[in-house]
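Each of the next two complexes has chain A plus one other chain: chain B in the first, chain C in the second.
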Partner chain A sequence: MIRILKNFSKRILAALFRRKREIKIGFYGPPNAGKTSLANRICKDWTGEEIGVVSKIPHETRHVQFKEKVEIKHKGRKLTFKIVDTPGIATKIDYEDFMHYGMKKKDSKKRAKEATQGIIESIQWLDDMDAIVVVLDATENPYSQVNITIIGNIVARKIPVLLVANKIDLKNANVKKFESTFPEYELVGISAKEGTNMDEFYEALFRLSKKV
Partner chain B sequence: MKIKKLRKELSLQVIPFSEIQNLTISERVKKILNLVLGNKIVILHGRLRPEEEARLIEDTMALVDHVKNFKGIELAVIEPNVKNEGFLTKAKYGIAKRLVGDTNALTLIGPASIIREIKKDPKKIELLLK
Partner chain C sequence: MPYKCVHCSEIYDDGSKEVLEGCGKCKSKFFFYIKQEKLKEILENKEIPALSTAEKKQMEKDVRDIVGAKNDENPIFLDFESIKVLKPGKYLLDLGKLFEMNKPRVYQLEDGKYIVDFTSQRINMGKEE
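On to the complex of A and B.
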């Protein structure tokens, strides 16, 4: 009887401790899908500060950046997160692509070098996450192997995952195509830029946190 | 003239699953990247495990940083669609996958300097060359 009570109180304490601690949530995805835009939107909403710089040129985020103690309140519930924004994962980097955006050769080469290191850093951080939000560009082809590789790696590591189809404010966005490509995962269509559907996103984020 | 040039550059290498079955992650990735660095498009019978795909991307990025003119890889996996199959077929496929690995799939890996894009949807795969 004493042992049962002991175990019960241990479980209660563990549950309380788990609820109080910070949930480390990673934002992963291909380059330019809007990971930093979404992380910025969340951080701005709840701390008043942004996490990083957003740009039209791919690989703007080349180092993992994070914001701690982001307290999110939703429908009477409250959770504290560590928001981890990661560089976009790609299988190729060509410095000449950056030159099409008007960058100088020297700067493009530097950006390419940093981007390759950023991708390695992103992958190495995977194991540190409690849960992951995969941010995908709703205007792109969902069958991209990078998307499949990212999601496959998260699932193989048994990390709870939420998919976000971003950029639904754009005409050619197709959330349904993403839903039919990944039917086994929860997916929310949002526009991080416009703040569309953020309530549904927070609802899904709290559901995701329960799986941690 | 253009066709001649493409033919000269395009080289495919098929790797049967048995050839990589007993290799470690590092050995598998090294074998693939050595071929890709030799400007070959690799057709691997089977598919890499997720952690192997991640390692392939990591090692590729390290090479982009160190090997002149190497811009990375294009990667695609073609798998049989068993989503709409019956329970028995799915179970058979699942058991085989666990026992011997995903040998029903085909993995295409090529240098990004030759392959511009691999377009994939459930019904077709298109290899777009530079």
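On to the complex of A and C.
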């Protein structure tokens, strides 16, 4: 309760001094949904530099990484963001899963430990965020425990949220299914890899920023 | 609530000086926090985790790394059940509990008995204040 009130007053103060500082946007979601791919695309588009490395092996991002002063211009408006890319949140980490990708046992165990640490780190950063983009994999089942828990906890903290259904370039992507699962939230279908629908994403990002 | 040394299985009552200063038998500062109702079963050796000495050592190292407890002198109590360490490299996370920031985080070994309370550990991960 104290936390919610603290967040609320933080947001009121932020509103009073709006636009004088950069908006902290956190990219949250399950592993391998494309958080870093999206953060990379945004950073590359507006700063020319990427934020982190992407991989097919889950839990590639195991520490929070960020880029400051990312100035985004959209339809004559300009906003400055701090882009915060977070490790994927999961309920189970098993080193044997990494071994299926050809990793050695020792490296897999290290990765599992760091991934667990990363999840705690992601959650610890949550309260510092002004707004959050939850990146989901449009080819997966939207109604997963991880998705519901992440979104539910962000909403409970009264942090403005935008949902992104990523990987719409893939044949089995189903954005409609995500829209019907989360009808109360704004949701944009994109492909971070191909850059599809990014205009719509930026439009939604600016709308999200107004709620900060 | 009693505590049990992870390494040598010695049991101490709540408030014992050994819990803070280190196990009287093996000097370890890594304890399981035992729920009262589980104590009888543990005393009867029904719930001894099937971990080797090396695995216990690795688990303590992993847990200390994960919670960011850089100082080995700080005792760690395995409490509540937000992170279950099945064995080194295998973890189950209760996200609901992890998101409840005011509650202690937990590491559980094997079948749900053991936890890590690291509220006393100030976690420093380079996060902004």
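By our rule, the second predicted complex is superposed on the first by the 195 of 212 C-alpha atoms of A that agree within 3 Å, B and C clash if a C-alpha of one lies under 4 Å from a C-alpha of the other, contacts with A are read in each partner's own complex, and residues count from 1 in each chain.
Note that in this section a residue touches a chain if its C-beta (ideal position, glycine included) is under 8 Å from a C-beta of that chain, and two chains touch if they have at least 3 such contacts.
Quick caveat: nothing in here was measured; it's all calculated off a predicted structure.
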Request  = Specify the outcome, clash or fit, for chain B and chain C once both structures are aligned onto chain A.
outcome  = clash
Message = Quick one: is A:Gln145 in contact with chain B, with chain C, with both, or with neither? Answer first, second, both or neither.
response = both
Query = Between chain B (first) and chain C (second), which does A:Ile123 come into contact with in this model arrangement: first, second, both, or neither?
reply = both
Ask   = Just chain B (first), just chain C (second), both, or neither: which does A:Lys109 touch?
value = second
Touched partner set for A:Val155, first chain B, second chain C, both or neither = first
Message = Quick check on the superposed pair: does A:Phe206 touch chain B, chain C, both, or neither? Answer first, second, both or neither.
response = neither
Inquiry  = With both complexes overlaid on chain A, does A:Tyr185 touch chain B (first), chain C (second), both or neither?
reply    = neither
Ask   = Is A:Ala90 touching the first partner chain B, the second partner chain C, both, or neither of them?
value = both
Query = With chain A superposed, which of the segments 27-35, 45-53 or 99-107 in chain C collides sterically with chain B?
reply = 99-107
Shared chain A surface residues [contacts with chain B and with chain C] = 89-94, 112-113, 116-117, 119-120, 123-124, 126, 145-146, 149, 153
Key: Interface residues, chain A side, partner chain B - complex   = 89-94, 112-113, 116-117, 119-120, 123-124, 126, 141, 143-146, 148-149, 152-153, 155-156
Request  = Note which residues of chain B are touching chain A in the complex, please.
outcome  = 49-51, 53-54, 57-58, 60-62, 64-65, 71-77, 112, 118-122
Inquiry  = With touch defined as at the start, can you tell me which chain A residues reach chain C in the complex?
reply    = 3, 63-64, 89-96, 108-109, 112-113, 116-117, 119-121, 123-128, 145-146, 149-150, 153
Note = Seen from chain C, its contact residues with chain A in the complex are 62, 65-68, 83, 88-96, 98-99, 101-102, 105, 123, 125, 127-128
